[in-house]
């Protein structure tokens, strides 16, 4: 029994933090919002140097063959500095592809080295109330069927796809004859259109993906392997959030010790102190749930849905609260572009609305509990014909 | 323009407070919970002396002919001391009966004097999503059709009816041929069964009412007049809550000034102070909404649904928060029967679950807004055949 | 309770309505809250027009160009201006807060020089109180004023959160004239020409990207003798008057910042799934209840104002309710409508500016302490800065940082 | 990360499991949390049995009858006891907190007199720290002890929130032996026989109507010389040891107070409308996430304990999460199931006892301040009671009330 990071994981985390410390990511975010899009540095070479594109690619295909927890730990560091590297979509795409590694060995090798970049076009797995794989509408609460796969071609529309703009290949999750399926398509294919919709948080790359009979290579993956892409995405978003929460807390605490009002450091006031402790509490719970999601991803697949969803719930609540505290501890200046807090706020508010957000994730936790509880009742019921 | 109480209303309030100050109502609540049911004093004579049973009965029938706001003000004082007088159900019953005063003049006169006691067996009016009049299940979220009226008889089951136990007559809201209707039945009728279910809060009298072909006198009242019973109930519950909130605040503030910890009065700590201000804020908003509900009830009937529902939302949130603060400001002792706070907590937690609670009321506010917004769009649309 | 007009009020309302009917064609159209220079010019011209129509300075004494009427007439005018769909006065800060402060504390010369052009929108004013290190703790300001041998003054320092600084002719500026006495005692208020040499104005971009506020820098700015408003060393009292009028202005300003539940309902109701979602409905109902409470609390406040009572500190509760209900509304809209709402023309401001507004005009925590102490009578926090010369306090803080 | 046992742990687990398998038929059945005398007798007998099975005092040193094992073995034993569906030890307060305190600070004589009977459930113990006027501010206790000429002591005063007082043979009691020194300095800890003349025990009914706590009154109770635990005037340090062991005991105790999300899900899922309501689902998911976070934070704490680290003040965050998540769960159950849930055998305790638990063991506010200062390093509140003799502080308070 040991529920802490291994020495290798500590090293991975430190290496990530070290590499990222050499890039002024938040300044880039500020520049990008001022419409100097070129201000956003291309961090992909940094990611390649660090070996992140191959994190989840099997060693046999030139990857690092690491686990979900490792990927989450890297995302904690990315989130801490709001790094605008299109890694999340790539990593979850490789995770789905890895289910059919032999058939896609060459592509996986290219993706592992970062020579080519992928993004997953995900769909929401069914739950106890909905039997369909769905995607969200561009606006509002409506859910639509996931793209349809017929033969080697796929058609449909999936909005708000993380890291789709600029990806070389898309791993599309869709439905074939009522069963979930996945297809790898080239982004340059005539039937593929990616509308770049990054905004509000310039460091988050998003695209609306339209597929019109786009042809591709099938990925032989079961429903659970496909669903893993969705849940890993939840876990990685949670990881990013944890980094942002910890950074917001650290800087809020520093300021609360330095800033005086009415003759006392503001951090000595209960109103400030208790709220900062609340950030700590939420961050701490989030860290435990990320470890749970990582552990489940690597060792307990049947708990991944509940673990990753719980982490996502905790993540969205923690980052929202932390970003608002980051602003309010700093008083008025925290709400201006002079300060970094607004960029953490923008990160929080946009990310919280992606891939179903905390609301859908909380519903999923409940769905899993209801399903378990129904299964137990069924098991307890006398067998009858 | 004048949005304060009239001199008469101030007098009504003061008289109520004065009359109630002579009864040890909270001590009675404690005694009743200790299974000495006789400890609950019969406050009906006090109510009769004060003229409350006739508050909403027209003067022509021997009542005071006062308005909804007046009834709410009396309930503020009742709630302040957790008085266990079965007035709420009686008042809303007379309000529905008054819509057909001529036909029920004799009964109304008996009810006005308090010689006989009534209770309304209410139903939830339809909204923009549900077209039926419904009642709640005994347990859970299910809603059932309101009792069915056929000819002069009514059958059905309405649980959690306020002040039903011991009432002489029941004014039953039901559905006749798809339209809402009301019928006065004698509680002693063979087809009427009232199961006394008062518990948790001994000062709140509740009954499950079963009607099995009970015969009665029809009340000729329109849908709005019948719905008024439901909304008045929301407003009176909100009134009771306001009284309890103000009492909880007053006593919490007193204690916070007296009790010292770490060398300071606890009320000087932000954590305590800010929470007590939150009680004040919620109570203040509640008071404004009760005035709104009262004013709408008396002068602006088309806003009664939204006003009374908004007051109910504010009420449930205020009394829950106030009761919990009442306990926690007093430390451990506030959670024992030595103290009065637990009885305010019991009042809060039970009342919040009656007649739909804050959740249903908030949904109703939204429903009214959606309906208005739809009506405006319709009005703005070009007239077409 | 009666929300209808008395005959006199009805008559006043009819007069205002008729004037607006006759003149509203001259009003500029206002879209959003961007303030480009040409929009400002049009708004100022319209304020001049409103002044001719006796709709500016309604509660000011007649001797200074006002109408000498009560708060209710102000509300009626506001309601009719809203009903006519035209903008109100541009320089709310000047007419609502700074003018009344000058009327209360200024010299006769100041009153006659400044009030007329202020009323007519010919000279816009700004309020120079807050500083980077003195927000909630306003008495902690550091901007220095020093009297010269000839009776003139020199001021240096930095102010922040200054609305309209870039359009203003004058500012009312709180300064520290004597750092060697306890902090509330060494303050003096001045009228400062915003075009004086040494004044630098820099816009401050908020989270939304808009710049509704400015930083203003003062580098040894010369002020002529007699620029003081109220006594030297009496700046705190003058500033309190301004803040009292700020509360009145907000009290008369209607519901929140123009955020209305019916707009939220229309936006959400347009999405059928959102409209039917029980959680969305409950959240909307909860938010709408709070805005309704604000509206009817406003009527109660107005009734009190009309009876000659001054708004008390409990008015701060309204600000807390407004800001938090608006934040909840922004959250709901973004949850119900998705990422699109974050950049929506209609909702982006609501979502992005609230975190800043929450700390503007005194943080929520300061307001809660103030209400707890003044309304509930709870004991104050131990104060470590009482009776200590300001210069000594500062050196303690500098040492800690 | 690995949640499975090492070979040594697996072996220990197998041993425990096999002992429980052989003996569990002798265990009493436990229904609810009512503590009638006959239930207590059965529980004490079972504790004696567990002690024979080497399942009591697992982390105590062997010389005092313990097993000299680590926290993980304690957890394994707890898990297996839970799995076997039998009750654990009855006197958790004695074995988990007071025994270890006596081991750390008691005289050899005390260790040999008290530890054995405590371990075997022959003598139950209670903790006499809190007082009506000293809850959060524990150092503010007023119960007086005075040494007599013959070296014996007399104690008088009142304690409150005393679990098991009515079954206890002894209590560990914090007293003020010297009121004329600052408040943390004049405290002394004693062993008090609960049957001594002058001790009166009165049950305290909670909101739910149950009485899990007592008030205990001491009227000039005589204690023999040598009843002190630790040095005279050193009671504060002894008490801190007890509270540290309290945190460890809670840390090893599993998720919250036995509230589990699957039970909530089963209760709500039984109502089809509630199960399908999106708001109910989201609230349940939110609550379950918090209980899951507690479980995995527990594994992290355990890992740290296993590495020889002592639980830090951040452990208090777990209490805050537990209590608030449980309150949310009670709210959800009552909202989803209606008034019936308030008196439900399964949920009444959850709903009615939480408001009290929220303030037990230090209010949430005190815990937050403690974590803010010790974990985040935020500056403390100004303390007005530092270095002032206790008697002087008291007279100030009395004057204020």
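Per-chain numbering from 1; labels A, B, C and D assigned in written order.
Keep this in mind: a residue touches a chain if its C-beta (ideal position, glycine included) is under 8 Å from a C-beta of that chain, and two chains touch if they have at least 3 such contacts.
Predicted, not measured: the structure shown is a model, and the values here were computed from it.
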Pair with more cross-chain C-beta pairs in contact, given B-D and B-C: B-C
Chain whose average C-alpha position is farthest from chain A's own: B
Euclidean distance of C-alpha centroids - chain A vs chain D, Å: 40
In chain C, residues with contacts to at least two other chains: 277-280, 282, 365, 368-369, 381-382, 384
Multi-partner residues of chain B (each touching 2 or more other chains): 264-265, 269-272, 274, 359
Chain B to chain C touching residues, read off their complex: 1-6, 69, 129, 249, 253, 256-257, 264-265, 267-270, 272-274, 276-278, 280-281, 284-286, 288-289, 291-292, 294-295, 298-299, 306-307, 309-311, 313-314, 317, 358-359, 361-367, 369-370, 372-374, 376-377
Complex contact set, residues of chain D against chain C: 277-279, 282, 382, 384
Chain B to chain D touching residues, read off their complex: 33, 136-143, 160, 199-200, 206, 258-265, 269, 271-272, 324, 327-328, 331-338, 342, 345-346, 349-350, 352-354, 357, 359
Partner chain A, residues of chain C touching it in the complex: 130, 132-133, 135-137, 140, 160-161, 204-207, 209, 213, 270-274, 277, 279-280, 334-343, 351-353, 355-356, 358-360, 363-365, 368-369, 381, 383-385, 388, 393, 396-397, 400-401
In the complex with chain B, residue positions of chain C that touch it: 1-6, 9, 72, 261-262, 264-266, 269, 275-276, 278, 280-286, 288-290, 292-297, 299-300, 302-304, 306, 314, 317, 320-321, 365, 368-369, 371-373, 375-382
